[in-house]
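Next come two complexes built around chain A: one with chain B, the other with chain C.
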Partner chain A sequence: MPAGVSAYTALANVTLGSSAASVTFSSISQAYRDLVLVSTGTATSNSWQVSMRFNSDSGSNYTDVYMLGTGSSALSASGTFSAIDISFFRSSVTSGATNIFDYSATNKHKTLLTRYDNASDATVARASRWANTAAITSFVLFNGSGGSEQFAAGTTFALYGVSA
Partner chain B sequence: MTLISTVTAGSGGAASLSLTSIPQTFTDLFLQVSCRAATAPTTTILMYVNNNGASIYSQRNLDGDGATTGSNSASSASGFVIAANGSGQTANTFGNASVYIPNYTGSTNKSISVDSVLENNATSVLMRLTAGLYASTTAITQLDFLYASGNLAQHSTISLYGITKGSGGASVS
Partner chain C sequence: MSFGLGFWAAAGGVAVATDYELISTTLLGSTTASVTFDVSTLTSYKHLQLRTAARSNRASTEDALFVRFNGDTAGNYSSHWMEGRGSSVTSGAQTNGTGIIIDIVTAASSTANVFSASVADILDGFATTKNKTVRSLCGTSIPIVSLQSGAWRNTNSVTSLTIYAGNGSLVSGSRFSLYGIKG
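Then we have the complex of A and B:
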């Protein structure tokens, strides 16, 4: 690792052996500056947004702005929600990475930058904020679009800590 | 994240930059790319996986050029296209890209995520986000970068990193 470049430390990982409705990372170590979540996966059926919620907070405390390219058009939108979207799963594989900055700080709202890609669908960049100063100790990933569709077997979520 | 290898074009440039015999001991690959064409005006560089020029690459791009945004795509292409500097951009500037390839040893098609920029001290610039796919179930052991014509300029460089995921630590319901 070159000097001056922050190192990734593997914190947790799950590869689904069968379909699942949600994945939870809890008791997250507070020893790092940032978190990076790498996701690679598919949906059991249909297409839906993969949403993230911190510390069991289901209030309308999440805001974001995104830009998206479908291959034929580009668009951007923003809003306030009860969770943050960090990917879009469908039958073909979507991969992405979410950077969660200063997650252990207790004096600032939490900012996220997310990139996710599906070569059959779109490329997306998203900036998000959790309007809460609490340190992030857990988060859950789930189908934010509603319905009964789940994460398909083989879906992987890997969590890394980044040192300052 | 572990540095696997760095390749750099020396004096006179290089026809290609290649990363070969990529170890199969990591989970994901990450590349930092800094390239400029020696003589060609082309503002894209081609990436080939496993020296494979078959028509199995596809991608969707989101572009911003400082004035407008747009989106375009390619399918059944014979190489993966990444924004990079041509010889016409401002002297001493290089195009840069970050490339992420998850699960590169797996037996599924390979996703490729790229953030790239064409550097230029002028109004004509480009920032590009790319969703890519290499439609092959073969593990990735080699990556080659080259311009469609001409050499890469001296000092073009590519660093390859390996990332190893952890185990456990999450609950499933």
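Then we have the complex of A and C:
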């Protein structure tokens, strides 16, 4: 790609008109190097982790480390899970951005970097990995905390392809 | 709720000239000591951004990834960081380094096929009245996630960026993409 051409291409921009249990992006173009997902939203009730899963893989193939500051303390934790957390939704708005590196490569595990913030709760940075070399063709976002709470109407997800 | 993107992709996913533009990408095909970008002609941009996915051949689980400006190898760089390694959040600093840390990358003892990632902003890189500031978000499941910041204590306009691992070389598959941001 020659210099002078936008490196970001909007692939999808979703605004929920009603509450939803999950949001799936499928048939993702393989024409880009990275993906960036920008999320801004709230939960219908309670507070829960927004989780991401690739290519319908629900196995324990996701690893994650985060650091979190609440305004009075800071902590870090890590582990292996069946999905990656990319945000934390509650009644007040949480905004974040997730970078998915080399998503179309077939010789690398997929590394993610995420930042999200909720003014009433915390600021968080995460590094995550899907232990799979397959190209990402789809992902689903859902309530990873396991309750029946959903994404509230008005929640937005914008997906971009980043050229390289 | 599901959103298929096949139609959009088939339609070309139109890319137009905007204020965030790809300059170039280096994807290593073999182990390499360092990667240098000549940015001397990019002064029409206000800021630069590096997006990296890298791995070192150091005989360890990790190595530091640095950026250096204009070939300056003297101790004119300062770095600060805050990092989480799964048990606590810590902070550190380097006052007279020979480069700015932008990532803690995987190395020879890490799980195969795992490349640490970073997004590093080089702010006001072409200004001649300011020292140069770099900040990055980086990490992978070593486990480490980190916020890095650094300064090159020099007001010269940046003409080149050199990226290198602190204790090894960069292995095949490591990728470095440079973007220009107008202002």
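Please note the rule applied: the second predicted complex is superposed on the first by the 158 of 164 C-alpha atoms of A that agree within 3 Å, B and C clash if a C-alpha of one lies under 4 Å from a C-alpha of the other, contacts with A are read in each partner's own complex, and residues count from 1 in each chain.
The rule is simple: contacts are C-beta pairs under 8 Å (C-beta built on N, C-alpha and C of every residue); 3 or more make two chains touch, one makes a residue touch a chain.
Computed from a prediction, not measured in an experiment: that's the story for all the values here.
Peer 1: Looking at the superposed three-chain arrangement on chain A, would you call chain B and chain C a clash or a fit?
Peer 2: Taken together on chain A, chain C would clash with chain B, as the superposition shows.
Peer 1: For A:T133 in the superposed arrangement: first (chain B), second (chain C), both or neither?
Peer 2: In the superposition, A:T133 contacts chain C only.
Peer 1: Is A:A12 touching the first partner chain B, the second partner chain C, both, or neither of them?
Peer 2: both
Peer 1: Quick one: is A:A153 in contact with chain B, with chain C, with both, or with neither? Answer first, second, both or neither.
Peer 2: neither
Peer 1: On the A-aligned overlay, A:M67 touches which partner chain: chain B = first, chain C = second, or both, or neither?
Peer 2: Both partners.
Peer 1: With both complexes superposed on chain A, which partner does A:A77 reach: first (chain B), second (chain C), both or neither?
Peer 2: In the superposition, A:A77 contacts chain C only.
Peer 1: On the A-aligned overlay, A:V23 touches which partner chain: chain B = first, chain C = second, or both, or neither?
Peer 2: Both chain B and chain C are touched by A:V23.
Peer 1: Regarding the shared-chain residue A:N99, is it in contact with chain B (first), chain C (second), both, or neither?
Peer 2: In the superposed model, A:N99 contacts chain C only, not chain B.
Peer 1: Indicate the residue numbers of chain A shared between its chain B interface and its chain C interface, in ascending order.
Peer 2: Touching chain B in the first complex and chain C in the second, residues 1, 5, 7-8, 11-12, 14, 16, 20, 22-26, 67-69, 74, 76, 115, 125, 159 of chain A appear in both lists.
Peer 1: Considering only the defined contacts, which chain A positions touch chain B in the complex?
Peer 2: Against chain B, chain A makes touches at 1-2, 5, 7-8, 10-14, 16, 20-26, 38, 40, 67-74, 76, 92-97, 115-125, 154, 156-160.
Peer 1: With touch defined as at the start, can you tell me which chain A residues reach chain C in the complex?
Peer 2: On the chain A side, the touching residues are 1, 3-9, 11-12, 14, 16, 20, 22-29, 31, 33-34, 63-69, 74-79, 99, 101-102, 107-109, 111-113, 115, 125-129, 131, 133, 159, 161-164.
Peer 1: Going by the contact rule set out above, which residues of chain C touch chain A in the complex?
Peer 2: 1-6, 8-9, 13-18, 20-25, 51, 53, 82-89, 111, 113-119, 137-147, 173, 175, 177, 179-180
Peer 1: Help me check something: in the complex, which residues belonging to chain B touch chain A?
Peer 2: 1-3, 27-28, 58-63, 69-73, 100, 102-103, 108-109, 111-113, 115, 129-133, 163-173
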